[in-house]
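The two complexes that follow have chain A in common; it is paired with chain B in the first and with chain C in the second.
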Partner chain A sequence: MSVWQNKVPGYLISAIILILVAEFFFPVPEVVQSINSELQTFTAICAAFAMLLGSANIMKVYGSRVIKRSSNWEYAVLLLTFLFTTIGFGLLEGTGGIYFKWLYNNVQVPAAATVYAIIGFYVVFAAYRAFRARTLEASILLVAGFLTLMWGSSIGHVIWPGIGQVVPWIVDVPNTAGFRGYKIAVAIATVAVGSALFLHKQALFQKAGSSGEGAA
Partner chain B sequence: MEIFNEGRALAFLFVITLTALLYYLTEYAKKNDVPLRQLASFEAISEGVGRCAELGRPLVIHCGQRNLDHPEVAVTLSALEILSYTAKLCAETGVRIIVPTMLHTAYPVQVERVREAYMEAGVPDAFNENDVRFLSPHHQVYATAVMSIFERENVGANIMVGRWSGISMAVAETSARLGIFGVGGTDQPDNMPFFIPTMDYAIIGEEMYALGAYVGKEPRDIGNIFAKDVMKLLVIGGILLGVVLALAGIPLSNLMGI
Partner chain C sequence: MTFDFQKIDRRRLLYVIQLIVMAVPLIYPIAIPLPIDKYSRGYHEAIEAVPDSTVVGYCNFISGGQWPLLESGAKRTAVRLWEKDCKIIFFAFADVGVPFIDLIIEDAIQIYEARNPGETIEYDVDYVRLGYIAGLETGFAEFLRDMKGLVPNDYFGTPTTSLNMLENVNTGNDIPFMVWAESGTPAPYGIRQYQETYGGTMVEIVVGMLLPTISVYFETGQVAGAILGSAGCAQYEYLAGMPGPALRLVNALSLTTLMVLIALIVGNIEYLYGVLKGGKE
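What follows is the complex of A and B.
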């Protein structure tokens, strides 16, 4: 693999990380700030082009399903119809247009809200699964979960007034301690990923086996 | 003129120490054998692939909801490493891998990762590009599309790694209801409670990043895990020191000028 493919992307990534990180830690001159701003604009443009690739993939996958009359091809027709209709209105009248907004407000928003609302039922199913006291840990979870549930409902305070002291303690002490431990470990790991990218010690787009240690 | 932006000096020291440790320990791992801690989730992925091979069903793996242009990209990079590893296992065992995605910036990377895995396994012709599917950037649309894949494609294992929103609950619960073998991993504490009851194995927090490096098993990956472990020990030491000093009436924050 050539130096251009192997080393140059890695050096570019290191340089960009250096510029971005410098602004976070140090008071940098205005020119560095404007470079950062340009880099972020560049990222947004690249992301927009990537969306085109994604749309092309949808057309390819579901288009071939329609052509081959694979199972459930009718759904693919529906998907492609909505995709082209939305793209068409978006191109013709912009995202602020009447028909585009109508599609968004009357089709996409209610459909998305419906799916999101269903999550409530999934949470109940999962809670049932989680709150089966099969092990000691599950039993502790069951007790803590039950107390928190009772604390959140007015009847809990009537049944046992002491719940007002116990649950805040559970939330503030063991829960916060666990949460902080979790976050500290994740923060270390996140910084390590950034440092590894900076040092070219982590593959980004290619595995080391195929492109060497310095692959970016 | 101040050298550092306000309140950033300690963070800079932390980053520099971790970077130096990472460099040194990666070089060390190249020349020496470094024992790695065991990760149960690593075996879980093999178990999922093995189960699919036995049942003759496909495996589904997702890389979360954070695009490559998102500030929280680190977790997606780890998820991509896990994708590479899983794809290679699938290619070697003849298991069909389906990679649904809502990450438009990571989609081409995912295609290449899976293609590369098939090439490494020596079966490039078995790679089907249509099995890496960009479904939608919208969470709800993605969730319903994935749930329909579970039902229609008779999936045998579901691996969800990366950072997720509330829809992970719907996807993971559907997978559990259908009896699909599940491995769920995230670095986000808010989402962890969704995976623990619904998945057979949960990859908790930092373990996501460790697993991303663990599957590579190259010196750079081993050094990466090693550096993180050493840094964690240093942070634990710092916390203990802070507690002792605070108990002695000398708050560490005063010493650091925070």
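What follows is the complex of A and C.
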């Protein structure tokens, strides 16, 4: 594997990490600040291109499904029709246009809301069929979930007025303790991954290195 | 003819019961007292404490699925802020949030004009729209650092440097208040990049299941208040004195939750009965 494939991306990543971290912790010259600003703008631009990539991917996956007449290919035709229609109206009249907005507000919004609302029925059946006190941990989760659900509905306060004191304690004390522990762990792991990237110890580089040796 | 409970399709039975339970309070309204939680109260108090003519950021992630649950709070927040003569900057870090900004603005203007006859809401005076901004956390960090650099044109293609409302708005320091309307997944990067870095006041509109996440930031004061789902919207409608769809829906949702609770109890009794009898369930 060439130096361009193996070493340069690694050095580039290290330099970017250094610039971003330096500005966060230390007062840096204006030139570093503007490089940092440009880097973040690049990220936003790259993310915008991901939308294009996503659309191309949908066309590839569902287009091949239509061509091969795979199972449920009719739905793929419907999806692609709506995709092209929406893109067409978006390009012709902009996202604020009458037809684009009509399509979105009268097809996408009710469809998404309906799918989300149907979950409510499954939740009731799942509560009956799956959420069982099989173990001690499941029982604790069940009790906490039961009380929190009860607190979240007006009728729960009518059934047991004490719920107004119990659930805030569950949310503020055990939940907060657990959540903070999890967030601290995530933060430490993020620092570890960042350090590994900076020092080229991340699996990506090790794989690149090993395959490079193999190729050599 | 004998009745055999075991032969009943319980899934269908539960669905039918739930449909009835949901429909009854919509047809015949039931008076159930509405408790006000500390998150809604904090939200209302934070909005009321915003000084007049403040520049407010309004980031919308709400999409189709959660729209019926949260629309009421999202619109009434804009109305209340306009009543305090606030200048709102609407933007979205999720593409799905953009069309819903249209709906928030259109309906909020109607509610505002109905409540304040003779007064109107104008673009570039009371609000501006910046549309979709890509990049999520990195994009938001850059947005707060150099807004006009990252977003050179508004949603309609007008250069942001020529917008009167944004004349003195360049960084996160110029936006003292932020409304963060989320849908499914929690996005604490708003808190990280805005509240922690610039110290402004932040309120959130989120679905009810984000209570465990929001409460952590609420306790530390990083989030001043939150509307939690449709129940939170109903509470805010009541607190802000703007009754609407959430107050009408809250009882139907309350009874549906009761249905879930009953299903939990019945399911577990059945399970324990099965275990005691020596079977698996």
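Just so it is clear, the second predicted complex is superposed on the first by the 157 of 216 C-alpha atoms of A that agree within 3 Å, B and C clash if a C-alpha of one lies under 4 Å from a C-alpha of the other, contacts with A are read in each partner's own complex, and residues count from 1 in each chain.
Heads up, the rule we're going with is that a contact is a pair of C-beta atoms (placed from the backbone, for glycine too) under 8 Å apart; a residue touches a chain by one contact, two chains touch by 3 or more.
Here the structure is a predicted model, which means the values were calculated and not measured.
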First, second, both or neither for A:127, with chain B first and chain C second: both
Chain B versus chain C as contact partner of A:198, first or second or both or neither: first
Which of chain B and chain C A:61 touches, first, second, both or neither: first
First (chain B), second (chain C), both or neither touched by A:53: first
Contacts of A:190 with chain B and chain C, given as first, second, both or neither: first
Partner chain in contact with A:43 - chain B first, chain C second, else both or neither: both
Residues of chain A that lie at the interface with chain B and also at the interface with chain C: 43-44, 46-47, 50-51, 108, 111-112, 115-116, 123, 125, 127, 129, 179, 183
Residue ranges of chain A in contact with chain C within the complex: 37, 40-41, 43-48, 50-51, 95-96, 101, 104-105, 108-113, 115-117, 120-121, 123-125, 127-129, 131-134, 142, 146, 148-150, 152-158, 164, 168, 171-172, 175-176, 179-180, 183
Chain A partner contacts - residues on chain C that touch it in the complex: 10-11, 14-15, 18, 32-35, 38, 63-68, 95, 98-99, 102-103, 131, 133-136, 138-139, 141-142, 145-146, 149-150, 155-156, 208, 211-213, 215-216, 219, 228-229, 231, 250-251, 253-261, 263-264, 266-268, 271-272
Of all residues in chain A, those that touch chain B in their complex: 21, 24-27, 43-44, 46-47, 50-51, 53-55, 57-58, 60-61, 64, 71-72, 108, 111-112, 115-116, 118-119, 122-123, 125-127, 129-130, 179, 182-186, 188-199, 201-210, 213
Interfacial residue positions of chain B with respect to chain A in the complex: 1-5, 8, 11-12, 14-15, 18-19, 22-23, 26, 67, 69, 72, 74-75, 77-78, 81, 84, 104-105, 107-109, 112-113, 116, 120, 130, 132-141, 143-144, 152, 166-167, 169-170, 172-174, 176-177, 187, 189, 192-194, 196-198, 204-206, 208-210, 213, 216, 218, 220, 223-224, 227-228, 231-232, 235
